[in-house]
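So that we are looking at the same thing, I have put the structure below in structure tokens.
Each chain carries a letter (A, B, C and D) given by its place in the written order, and its residues are counted from 1.
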Amino acid sequence: MGNFKGHALPGSFFLIVGIWWCVKFSFWHVSRRKKNACPFATKAVYRRVEIIEATVIVVFSLIGMIAEQFVPDGPHLTLFNHKEQHWDHLMNWQHTTMYLFYGIAGAVTIAVHTTAAAPVAFDRLMLSIAVFVEGFLFLYHLHGRDMLDVHVHMLLLYAIFGGALTVFLEVFLRGNILLELLRTSLCLLQGSWFWQIGFVLYPPSGAPQWDLQDHNNMMFITMCYCWHYAFSLLLVAGIYTITSWVLHSKLKRIPQMEMGLLKRDHERESDDDM
Amino acid sequence: MGNFKGHALPGSFFLIVGIWWCVKFSFWHVSRRKKNACPFATKAVYRRVEIIEATVIVVFSLIGMIAEQFVPDGPHLTLFNHKEQHWDHLMNWQHTTMYLFYGIAGAVTIAVHTTAAAPVAFDRLMLSIAVFVEGFLFLYHLHGRDMLDVHVHMLLLYAIFGGALTVFLEVFLRGNILLELLRTSLCLLQGSWFWQIGFVLYPPSGAPQWDLQDHNNMMFITMCYCWHYAFSLLLVAGIYTITSWVLHSKLKRIPQMEMGLLKRDHERESDDDM
Amino acid sequence: MGNFKGHALPGSFFLIVGIWWCVKFSFWHVSRRKKNACPFATKAVYRRVEIIEATVIVVFSLIGMIAEQFVPDGPHLTLFNHKEQHWDHLMNWQHTTMYLFYGIAGAVTIAVHTTAAAPVAFDRLMLSIAVFVEGFLFLYHLHGRDMLDVHVHMLLLYAIFGGALTVFLEVFLRGNILLELLRTSLCLLQGSWFWQIGFVLYPPSGAPQWDLQDHNNMMFITMCYCWHYAFSLLLVAGIYTITSWVLHSKLKRIPQMEMGLLKRDHERESDDDM
Amino acid sequence: MGNFKGHALPGSFFLIVGIWWCVKFSFWHVSRRKKNACPFATKAVYRRVEIIEATVIVVFSLIGMIAEQFVPDGPHLTLFNHKEQHWDHLMNWQHTTMYLFYGIAGAVTIAVHTTAAAPVAFDRLMLSIAVFVEGFLFLYHLHGRDMLDVHVHMLLLYAIFGGALTVFLEVFLRGNILLELLRTSLCLLQGSWFWQIGFVLYPPSGAPQWDLQDHNNMMFITMCYCWHYAFSLLLVAGIYTITSWVLHSKLKRIPQMEMGLLKRDHERESDDDM
């Protein structure tokens, strides 16, 4: 992963997931608030969407795991290099492990939505664990690097652990649109920050190198991180507004006053109650 | 910000906001506990007050951002000084970023109270994020300073992060007078502590300089911080008592016993239910 | 406070408070579970007990503050020693500050129970803040001491901050007997640990001095801390059992089965609903 | 405990407990969701199972305490070696203390389930404290060891403190199957990790020694920890599925649709309400 592409790829992935979640949660929340209005926003449809999403995650995890193992300079399932007496391609193995947990989370999500075997909240619990494990493995990635290198990865970890915590809260407050959009914004932040890390550590040819020991760079990058989050928040707000507006314009008038009164109840409604 | 005025200004600002919040929350809580009694404490009025407050915040944020950029020795929107190869006026840019997030929080508050587009709790979530970002930027401000300088700013951070956490809890426990007054007291603490920092780091002419490496000074300043908080708590208690007393004397007798019984229900009432 | 008596005194105080709380909470919880059975366990009595307890706390705080200031070698309200250019009797001032916050907590408790001015939960919030401030001031007490000295005080801080957190949870889960007894056990732990600190740092004459740099001592003292907590838990269990038994034997038979069914509801009952 | 057996023994113990919990919680949760279906899943049976489990814990704790004290090279209740002026067999005393707290937790569990003296939630609170104390004593075990040695024990502590926190949440969310299985998975993780520590620190004869200062080993071991957790999660999922399948196949058809509707209510049901 020690190159620009290795950071841009997961960055793009998280950006796409973030945008998708933002559309999904906005759509459900708005359509849930006016029952009968949107004929296809039923519980069955919701369930099917969740299953498709989880299937995509499982497929991508499998592809990721296979790719990490069998790229030309990958470990090819060899864990220990006996000739040189050291661990073989630890990086690839770590990424494989990260994919493994996302794969488990996807599989559990499919299981709880296709069968009635277990509480649906298990999907959030497993997602929370998968995100946590991603952060946990990153945490022990950083030993002995330069100050700025460590710092940009620490900032990434804030987004990751913040996301894990938010998803964990969703276990108990399922269908809370605030937590869902908070999680989405942290996912987008993670995505765009991966790109930023790529630009900082592997500047495109022609651009000057960053001084990785300069404290001013560290202060600038912290501020930059906040800008990324502001951008992420505006993106979420924009997508929510557009989704909301499209649904309203299609669904015509619903008495404004009634909605205000119903507002609080709806917020507490879980996804299941559509 | 490296002077006395640069600390006194935000200090005064937070003190004024704290006092305003204290009056507002006390007034709503007391008038909510006796329905019908206060004819103008209606939901519509409450909403209008929130919108006005948010508008003021947005305006002040804009003024702050423009001022930070275009003061004579400001960056004038230049981020990088190419001649000397370093970041230009990082401090001003950091303050601009802080204002930006408060501005976003204000804009979201206006949006959720004027339209029925999104849950009202978004105003608290965004305020929580804005306060958190303020603390986050301060946290990476402190590298390589003197011990006492770092310490007084760390104490400031306790007030800021405590405030962010309290507002975050308000997302889920909206209208809880305890959290609202706790937030208020932390805001007042932040305000008066800014003044104290000004006095410690830039003592008025004639006064002796503080020894920034002396451990006794550190212990004294910690104690001093507690006194500021005691003062802040007394101020909150005083304002609450006066507000309460004024409303009572104007509204005449309401059976004391009934109030005791109703007490607990009312505490759980959200602002919306007035 | 740098002597044995200075640790034994607060230790005894916290032990007495812990035992009193244990009796009070056990009594209320047991009598609450069988309404009508205990004629004098009414809301009015409960309120009166709270007010008396708070009054005692206020009086003790005032005595403590005056004593700290006006003992022969106290600061006599002088904060700065101008002759020698250093802070005067910082220790005494810190203890005064601690008493001040307990005094405020007591005063607020009296206010919310005698008037209907504010939610009763304010008493817990202020108590939580008072305990937190006690720990906060201790935290910056420890600079530059010996390893074991720091360690025994850190262990004390776990009990203090644990107590502050428990009381803070009580703000939202008022009357929860589990939190109340947990708080009690941490208070007793704090009390007996103060005694232990006295014995470690100022061994009675004749006893050998402790080697304050020995890591084995540190490991032993950690284990010893756990024993103190085991003792504290057994004390709480004993007092609860005796209280429970006394009330039962006085109140005669109440159908055992019914109690089991009512159990859960009662646990959620707040103190006010007696 | 400084040998392979000393790590394999507790490891096996936690693995067995984890598997037992997994079966127990899965069984209760599944049978609770179809009332009348499983005739022997009554409240009385549940209570008896809890009492038997707690009795086993108390007996094992007593055996453990006696064994730690009276093994040939144990302390035989001697705490201080006066001849050589140092603490005697601190390790054994620490383990005795750990067993003591598990014993107390077991005794409290028996007490709250056999009598109606106290809220049943006390069993979870005491278990949480017992697990916390285990972690707390381990934490101060680690001074001055090699990097990898410290690291593998720190990883163990994550599982322990994670478990303590989960059980503490169960105090307030009793009977929540998600928390129960999360606790179970952390218990299994702890068990299998004890075995891993044994293999790392005391490799079986013939195997090469680990370089305890190599950073690559540290990164590998962190990843290995995640694999253990993946294994633990799969084990929990497997046991839950088998239990669920066995109960279903024995109990025949129950309308699938109805179950979906009842799902959410059941999740919130406490164990008591079976």
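Here is the rule we use: contacts are C-beta pairs under 8 Å (C-beta built on N, C-alpha and C of every residue); 3 or more make two chains touch, one makes a residue touch a chain.
Which chain is which protein? Per UniProt: A, B, C, D = Transmembrane protein 45a.
Nothing here was measured: the structure is a model prediction, and the numbers come from that model.
Novice: Expressed in steps between touching chains, what is the minimal separation of subunit B and subunit D?
Specialist: 2
Novice: Determine, using the mean of C-alpha atoms as each chain's centre, which chain is farthest from subunit C.
Specialist: A
Novice: Taking each chain's centre as the mean position of its Cα atoms, how many Å separate subunit A from subunit D?
Specialist: Those two chain centres are 31 Å apart.
Novice: Hey, how far is the Cα centre of subunit A from the one of subunit C, in Å?
Specialist: 44
Novice: Could you list the positions in subunit B whose residues touch two or more of the other chains?
Specialist: Residues: none.
Novice: Please list each pair of chains that are touching.
Specialist: Pairs flagged as touching, ordered by label: A-B, A-D, B-C, C-D.
Novice: For subunit B, which residues count as touching subunit A in their complex?
Specialist: Residues of subunit B touching subunit A: 86-87, 90, 93-94, 97, 100-101, 104, 108, 116-122, 125-126, 129, 133, 136-137, 140-141, 143-144, 171-172, 270, 272.
Novice: Within the complex, which stretch of subunit C touches subunit D?
Specialist: Against subunit D, subunit C makes touches at 173, 177-178, 182, 215-220, 222-223, 226-227, 229-230, 233-234, 237, 240-241, 244, 256, 259-260, 263-264, 267.
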